[in-house]
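Note that the chains are named A, B and C in the order they appear, and that numbering of residues resets to 1 at the start of each chain.
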């Protein structure tokens, strides 16, 4: 694809500053853009790169005011990230396996396979599965009995989907992620753990994306549920009977313990832990590495382990950094207090 | 399976309250139970659901005293969790691959394969392996040279077991877990890391269960050992030469660094880190997200990073939450002290 | 391999104390060494084992001064770890799959395969890949389109390498690690996340080792880069556009968020989190479980979440442990202050 600045401006509803006849045929980061490429400035941290940038075209916000001359033609847009997201799709090179079913795939005869499906080499699909139209299954995917994969969903190489899992449409699951493994449930009797059989399943609604090496355990009873539009990064742990709300995003290496319910539009930072049996309400934001041990209110902002209100944690941590000094001040006060008490008792004795 | 309340009461040694002729054919969670299902109340947090519950039968403790009328027939038992664990096995639907050895499995001719073994599609078993009777190996499992898998153990799809690993009987290892990868050992010489060859192995004793996407590294020398009955959740890291004691349980995303020894009956919360070369004694309990940097005493309870005694950490954290206020109080005291010192010096001057 | 104490001393440039004719044929840990084995004392924590050690030969430092009689022949060397690392290679038993290409491997006809390559069972190699001489690819490895694997590199079973990845020479990647999965990039518009296509790739330079179940995401634009000689432990998350510097080591379960740059010779402890868009300068050391939120200076030592200077954190934490006592002292001071203020006002009234 090759686009001129004036064509791009039309596509993006933007405004050109500079030569509108230059063209680009690929996107690039502002740090390493070369002539012929399109780049962008969204995060102001990167402004220093603007002035040496060799991109032919640079997307910037209406507010951006360069402090020195700039080489590329600028296109000003309302939402730089949104515009780049839109264009990235145009520049994408598809790297899909060939359509159709690989000869060496092992598909149970009772499985139903939709139209225009891609099933790659070394795939196993169990009995009574329903694979809908347009699904793409990469190599080394295992799908256990009684699973459903909705239209146009993609399972990347090495994904394992265990029995009774229901996956919606336009879902992407990245490599080596495990869906529907047993929940971690035992009772300790006579000094040994006895397993509680995990009889439930996992339900993943439409438009969910799940990263690589994630684990989502099946429910002990009922379902572990990932609601419509939720996005999970890599190496995340979702325990049995958890529910993740619509359009909620979780960053890498976070974990949610059993039976907790995360609401809609929640943002969970990396390496966050959420204990079991609590309810994180809609709109909550949780800072990276926090440990959440209680229900949250709607739109709460949390930080710390155990987590507090975000700004409260920061204020406490500011004093924490200064604790040795505070300790010294306290010791000095005690000495001054002793001196004063002595003086007072003399004064009182003399009075 | 279909069971009446009176039959269940006999099976569980429980006491029926209500219609003892109703029957159930499946278990369900108290929140979404429908007629014909059996549910239970173990965690008092869920009591509110009891009064709207449509289950036909509800297991409760002897102590449970409903505050309002309840629809289901109640069966009172000594141990609600234990009873449900026992019944869950009765209701389990087996989703096993077919017995026998798949035609496309690649098994080295020097491997010994026991009776009644299930080896699924796309499995690789290396030279000199010993697979004992009743073992179930799901698709995409790799077993390297000289490994042993004990009776009735199950390796789920995508498990990788590297050379010289010894696995006991009735062990379950969930999908995409890696056993016997190299430990992380280097010496830095002339500015570059030189690898220390990892020559040891991994030994997993009987009745161990290991979650999905776990990694257990081989020992540099000797063995990394997981003792009888230990239970590891998902995404756990066990470094070289670690020993995990009997009937110890670790929650998801925890990690143990090299050569540390965890005793018996230890409980490790989620996202806990344990440094290398320490000894966590029997019965220790470690709160989620703690970072343990020292040996623990028997039955210690630990919390924090670095970890302290559990209640000590909570007491310190309670003050931490209040640090800005404490800081203000200190500042006010300093001001009052200054005022007083001034007054005293005047009094002294006047006296 | 069988070596006498005198032969070993020559090999290692060491000095024998005791019978120099004894021989060893295997290495062993000091705790469980038996006659005929070679062991070592590097970490002084293990000195107690020296006095009961049944190894035939023990490597020790020149400085080691036994407090009681010792059975094994001692060999004193300059660098005990280095010597063991050197010898471990001598004792290593190779467990390699057979050279050559397995009949069931699926290799795109446009892929170029070098000499002396090992491609095991159930491997998929995509179009336009370049696999150089001496590469070893274990079972269940997926390599997507347009990838390069440099000379003598090893991909262990279950590794997934996605399109456009470039891997250098002498690289090892352990089981079930995922290279080149999509970065976690979205824009939220009209309440739903819209994916930003991830068009970049991953570049891994020579002599890198990567543990098991790691995830390294492709760049959104440009490259995620792991520089020469870097070592990553298991279960690590490397987000899009991150750069890991030369000869840097990261311990297990650490994560680096998008676009951060980690310098050379950095040491990152286990379960560390590093936020996005920061620069960790050369030689920085980060304590386990820290959360780094700001650029570091060269050779910085960091600890805490958010991370502070290492010794500053320890000093603050020492006071934190004592906060309840500090709080009590403050309360007592306030009471003493009140008493004094009362006395002063009486004195003032009387004066």
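Methods note: contacts are C-beta pairs under 8 Å (C-beta built on N, C-alpha and C of every residue); 3 or more make two chains touch, one makes a residue touch a chain.
Nothing here was measured: the structure is a model prediction, and the numbers come from that model.
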item: Touch-based graph of the chains, sorted into line, ring, star, complete or other; value: complete
item: Equivalent interface positions on chain A and chain B, same or different at half; value: different
item: CA centroid of chain A to CA centroid of chain B, Å; value: 24
item: Two or more partner chains touched - positions in chain C; value: 104, 122, 140, 158, 176, 213, 235, 253, 271, 305, 320, 322, 326, 330, 333, 337, 340, 344, 347, 351
item: Residue numbers on chain C that touch chain B, as the complex places them; value: 27-29, 31-32, 43, 45, 79, 81-82, 84-85, 88-89, 91-93, 95, 104, 120-122, 138-140, 156-158, 172, 174-176, 207, 209, 211-213, 229, 231, 233-235, 247, 249, 251-253, 265, 270-271, 288-289, 305, 317, 320-324, 326-327, 330, 333-334, 337, 340-341, 344, 347-348, 351
item: Complex interface listing, chain C residues touching chain A; value: 104, 106, 122, 124, 126, 140, 142, 144-146, 158, 160, 162-163, 176, 178, 181-182, 184-189, 191-199, 213-215, 217, 219-222, 235, 237, 239, 241, 253, 255, 257, 271, 273, 275, 277, 291, 305-306, 308, 312, 315-316, 318-320, 322, 326, 329-330, 333, 336-337, 340, 343-344, 347, 350-351
